[in-house]
Amino acid sequence: MTIFGIPIFPEQASTFAKDVDALYFFILATCALFAVGVSIAAVFFGIRYHKQHDSEIGARIEGSLPLELLWSVIPTIIAMVMFGWGASVFYHLRRPPAEAMHIYAVGKQWMWKFQHLEGQREINELHIPAGRPIKITISSEDVLHSLYFPAFRTKTDAIPGRYTELWFEAQKPGQHHIFCTEYCGTNHSGMIGTVTVLEETQYQAWLQGGGMEGTLAQRGAKLFNDLACSTCHLDTGQGRGPTLKDIVGTTVALQDGSSAVVDEAYLRESILNSQAKIVKGFQPLMPTFQGLISEENLVALIEHVKSLSPNPTTAAPAAMPTPAPAGEKK
Amino acid sequence: MLDKLKIPERHYLNNGHGLASWLLTKDHKRIAIMYLISISVMFFLGGLFAVGIRLELATPQGDFVQADTYNKFFTMHGVIMVFFFLIPSIPAVLGNFLIPPMIGAKDLAFPRINLLSLYIYWIGGVFTLYAMISGGVDTGWTFYTPYSATGSNTNVVPTALGIFIAGFSSILTGLNFIVTIHRMRAPGMTWFRLPLFVWAHYATSLVQVLGTPVIAITIVMLGVERALGFGIFDPGRGGDPVLFQHLFWFYSHPAVYIMILPALGVMSELVSTFTKKTIFGYSFVAFSSLAIAVFGFIVWAHHMFVSGISTYAAMVFSFLSFSVAIPSAVKVFNWTATLYKGAISFETPMLYAYGFMGLFLIGGLTGLFLATLGVDIHLHDTYFVVAHFHYIMVGGAIMGYLGGLHFWWPKMTGRMYSEFFSRIAAILVFVGFNLTFFPQFVVGYLGMPRRYHSYPDEMQVLNVLSSAGASVLGLGYLLPVIYFLWSLKYGQVAGPNPWGASGLEWQTQSPPLTENFLEVPVVEHEPYEYEHIVAKEKHLV
Amino acid sequence: MSGHVSPVSLYITIFLALMVLTAVTVGAAFVDLGQFNFLVAMIIAGFKASLVIWYFMHVKYASKLTKLTVATGVFFLAILLGLLLIDYASKGFTSMPMPLS
Amino acid sequence: MSNAVAHADAHGHAHAHHPALQHHFDTMGQQKEAAVVGMWVFLLTEILFFGGLFAAYMIYRVWYFDAFAEASRSLSLFWGGLNTAVLIGSSLTMAMAVRGAQTNKRAATVNWLILTMILGTVFLGVKVIEYADKFEHHHVPGYNFQWAAAHEAPAAGGEHAAPAAEGAAAEPHRELALNGDQLQLTTQIYFSLYFTMTGLHALHMIIGIGIMLVITWMAWKGKFDAEYYTPVEMAGLYWHFVDIVWIFLFPLLYLVERHT
């Protein structure tokens, strides 16, 4: 729902979103009733009993027990109604149906890694079928995170060393936000993504590795961002990974003292098995992408890195204009 | 009637001059003035970080500062505002100054401990400022492990030490008030003749004394884990980060009642004085303060509904959390009932009182959303929560603090401030506050998470509205500094009782003597009786 | 005016009682009571603590307010431990899944 | 805290009241009562301060009972028991010191106070011995903590002559639910709590002995009499509290499971 183009209410994308919103509006209505009632009473008394002359004093009213009981008991009853309704919605939110489709999510400092049972793995991206309940089992590799789908009205913390879970059922196709809502360090606000709800048939097609559009290097650039490589490999080199600007063809010193020429084989190995050759002065933080990206995505990524070195000392001249700087946000 | 009044020759301000007479004073009033200056400095420091936050959030990409600088901004904003402004503000300034004269005592029970509390506050402040200057800390004011123990490489230990030390300042103030209120009331001052300001501070002191030690030990455990490599909360060695949250919130939820209860006490005084009428349901309002203090200790896990506590525990804490809402509602209803058939006048303190009632009402009621389990799953750690607690702390505690300051300024300094500018400031604060924080409710329900320096584009308009409101609010806070300082020199002489108030502190000269009363007062009247006040004024004039 | 002066004999008996109770608690630890070891140890420790509070710290002769203060401390400690247990017990005290299990 | 430091200010008041009566109190009774209540409110905060540690101990003891049992067995029951006796003794001597001040016997007060301080120092000495033993066995978390070594110790136990009383790995154990690697991790939680609890307790002992030094000096200067002995009583209350903390720490840390 939007006013003058400004969204003021989130989409109800999951089945229980409307239950949460109904409860929200009930509480909103009762609170508005109380707030308006008290405000009107206060303003009216303020005007009606305004002090006429200086030494006037108010009437001597000590209090009244029935009135006190009235505005203690009634709020208690309303509070119990709110509690009961809230508890039932919560109970529904926290009990995933047995036949729910299972997805694993792992929070790692500043990216969400989703693992489908069929083997497909995604970073900061989640493709799910509409109309089927989905249970996500969440854990964390380092600090506390919290997987939050505003459009589905549900979130759960990711605790290192323990599994927590949430479930939802998306009603119709669409794209919605994924946020991390438990403060987790420098790039906490970059730990976001989009969940794409697809029709059942589209989802099956996607599972088989759907096609991508645009030139190889441009697709590589998009993948470079989607897979959150940009969060560590900054052009300035200050990131947690080495800069990838103008490195093709050069030799880099490695942690174990040896050195290696940066060519396609080196790039391919560093992506698939990132622990093999660690550049001197960097931590072995990079996740391995083995089985995470298909062959053509791998080639697209390598093309993108090559396009970052417009005049490589050895390899073939790059034809592509350098894409937008790697660090921009989606 | 105030024409030919003069500042009395002898009072606590000119009873001894020079730095030593201030730094080594045992007079609770001078300690209160030093606290006033210290927390005002801390308030504007915290405010600067708030300005940084609002500027950063004016644009979706968040390009005013880098991500980690922004993280340090909101962490320092939180730490300074919570531990160095809100918790000490009303108890240490107004409570310190007014509780002895209100109950007819010469001073607090332990004057030297009162001074020690001030020095401990300063030392804690120095530690936190050192941490701020030498690189800041970026864990958020909640210091959740494992990020604060192993993840962050910023000054966590110095800041934690600063808060640990400042906690003792809060404990000592609470201890002083409890013993004073129990053992040093003037003859005739029974418990049910105590002003409600004193009841509220008694309840606050209970919370300060019972809650603060638990965060002290939590900080010790965090410091020991981070500095010495111990493994109490370390998940790698089987520790439980959720246990840290339990121990942290066991203090930090009652801490929000340390911040709001004194303001509720100030409110009862303002509403009664400016309606010239006794408080409606005195004993209910008094006991509601105690109820808030005690219930505050059994509700803490409503901050942890999504952080891995069991479904059963979430339901128990959600049920208990509603028990705290009832006493707050009772207070608001009793204030409204006090207005009925009163002789209401709208001087500045009353404007702040009206503003407080409106904002505290919204703040309190939005708490119901967060206590309700079904909605809290969606709202936890979003800007809805930020708006809720700012409505309570800024709309409640700061409006109450400013209302109290404007009400007792003539008693503390003997001079009146300019009524015109102070009314403008009150309205500015009210309008600026609502413009700043109401949009945050909406953007919160949209799902904008807390502590984000960049957000999706569609949420920009609401954030820009909020940033605009923040500048109006900032201006509203600057004005009082100006006309208060101006009033010290040029303010009209206030005389003992400019507002015709009924408290015992209004029956001595202003500014009061060092020993508050020439001879120990004997109390015969009920707390809020204005009949004999007016009679005395007629006899005076 | 001065507080209650207890006879030296009272102090000696309390001291001996504490020493005996220490021996008892050590002895009890060597007896396999299963679940109740912890409970027995805490009951003995609690009893020893109340002896010290009641007689050594003169709370027996102190004002009602002092007694109330002692009770408040214990009550709020019970709130902390009790409500904490509500969460951990309802999770069946399952510990963190050990990485190497 | 220093509120137990003597209330008697140097310049005695001229009027008939006892020199130690503060200006803002009406009678000595009111002043002493305020001091007692104030001290107990402070001890309230100490109860909750150590309460936070007990809460953490309670949860982890249930979670990793075997680690706690094994680690607790590695503590020497002899030193623990001796320390408990020493501290209960110092409680007695402290009570006698307060009684001495109440009955206006200056020499007795000073002697009992000195005896209390001696016992307190003995307690700290025993703690130093125990800590040294922990460092020697690498049982200090964060300081190359090795638990597994203690298991192999029976085999290699012969040659390194650990003091006989140190029963780390001698007795036979029952079947454990946690294997060696898990013990290496979870016993670190026990020892983290052990060092935090006993370390804080020892720090409170040191503060207590510091306070008693000041009180002894004041008693020696004859500042106390039957009418005004509040500082001695406050030091007594503080000391008895520190003893009560140890009364709970001893069974919690040393007697987790001694009966296998």
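Brief remarks follow.
Labels for the chains are A, B, C and D, by order of writing; each one numbers its residues from 1.
We adopt the following convention: a contact is a pair of C-beta atoms (placed from the backbone, for glycine too) under 8 Å apart; a residue touches a chain by one contact, two chains touch by 3 or more.
Please read all numbers here as calculations on a predicted model, not as lab measurements.
Remark: the per-chain Cα centre closest to the mean position of all protein Cα atoms belongs to B.
Of the two interfaces, B-D and B-C, the higher number of touching C-beta pairs belongs to B-D. Chain C has its Cα centroid 36 Å from the Cα centroid of chain B. Taking each chain's centre as the average of its CA atoms, chain A and chain D sit 49 Å apart. In chain B, the positions touching at least two other chains are 182, 210, 214, 235-236, 238-240, 242, 246, 250, 311.
Multi-chain contact residues of chain D (touching two or more other chains) are listed as 33, 37, 41, 44, 48, 51-52, 55, 59, 63-64, 182, 185-186.
Annotation for chain A: residues 161-162 touch two or more other chains.
Taken as a contact graph, the chains fit none of the simple arrangements: neither line, ring, star nor complete graph. Interface note: chains touch in the pairs A-B, A-C, B-C, B-D, C-D. Interface residues of chain A, counted against chain B in their complex, comprise 6-10, 19-20, 23-24, 27-28, 31, 34-35, 38-39, 41-42, 45-46, 49-52, 54-64, 67-68, 71-72, 75-76, 79-80, 82-83, 85-91, 93-94, 109, 142-144, 146, 148, 150-151, 153-157, 159-162, 164, 177, 179-190, 329.
Chain contact summary for the complex, chain B toward chain A: residues 1, 61-62, 67-68, 71, 138-140, 142, 144, 146-147, 150-152, 235-236, 238, 241-242, 275-278, 280-284, 305-308, 311, 314-315, 318-319, 322, 325-326, 329-330, 332-337, 339-346, 354, 357-358, 361-362, 365-366, 368-369, 371-378, 380-382, 442, 445-447, 449-456, 458-459, 461-462, 530-531, 533-534, 537-538. Against chain C, in their complex, chain A makes its touches with residues 161-163.
The touching residues of chain C, counted against chain A in their complex, run 96-97, 99.
Of all residues in chain D, those touching chain C in their complex are 28-29, 32-33, 36-37, 40-41, 43-44, 47-48, 51-52, 54-55, 58-59, 61-64, 77, 81, 84-85, 88-89, 91-92, 94-96, 99, 102-103, 178-179, 181-182, 185-186, 226-227, 229, 233, 236-237, 240-241, 243-244, 247-248, 250-252, 255, 257-259.
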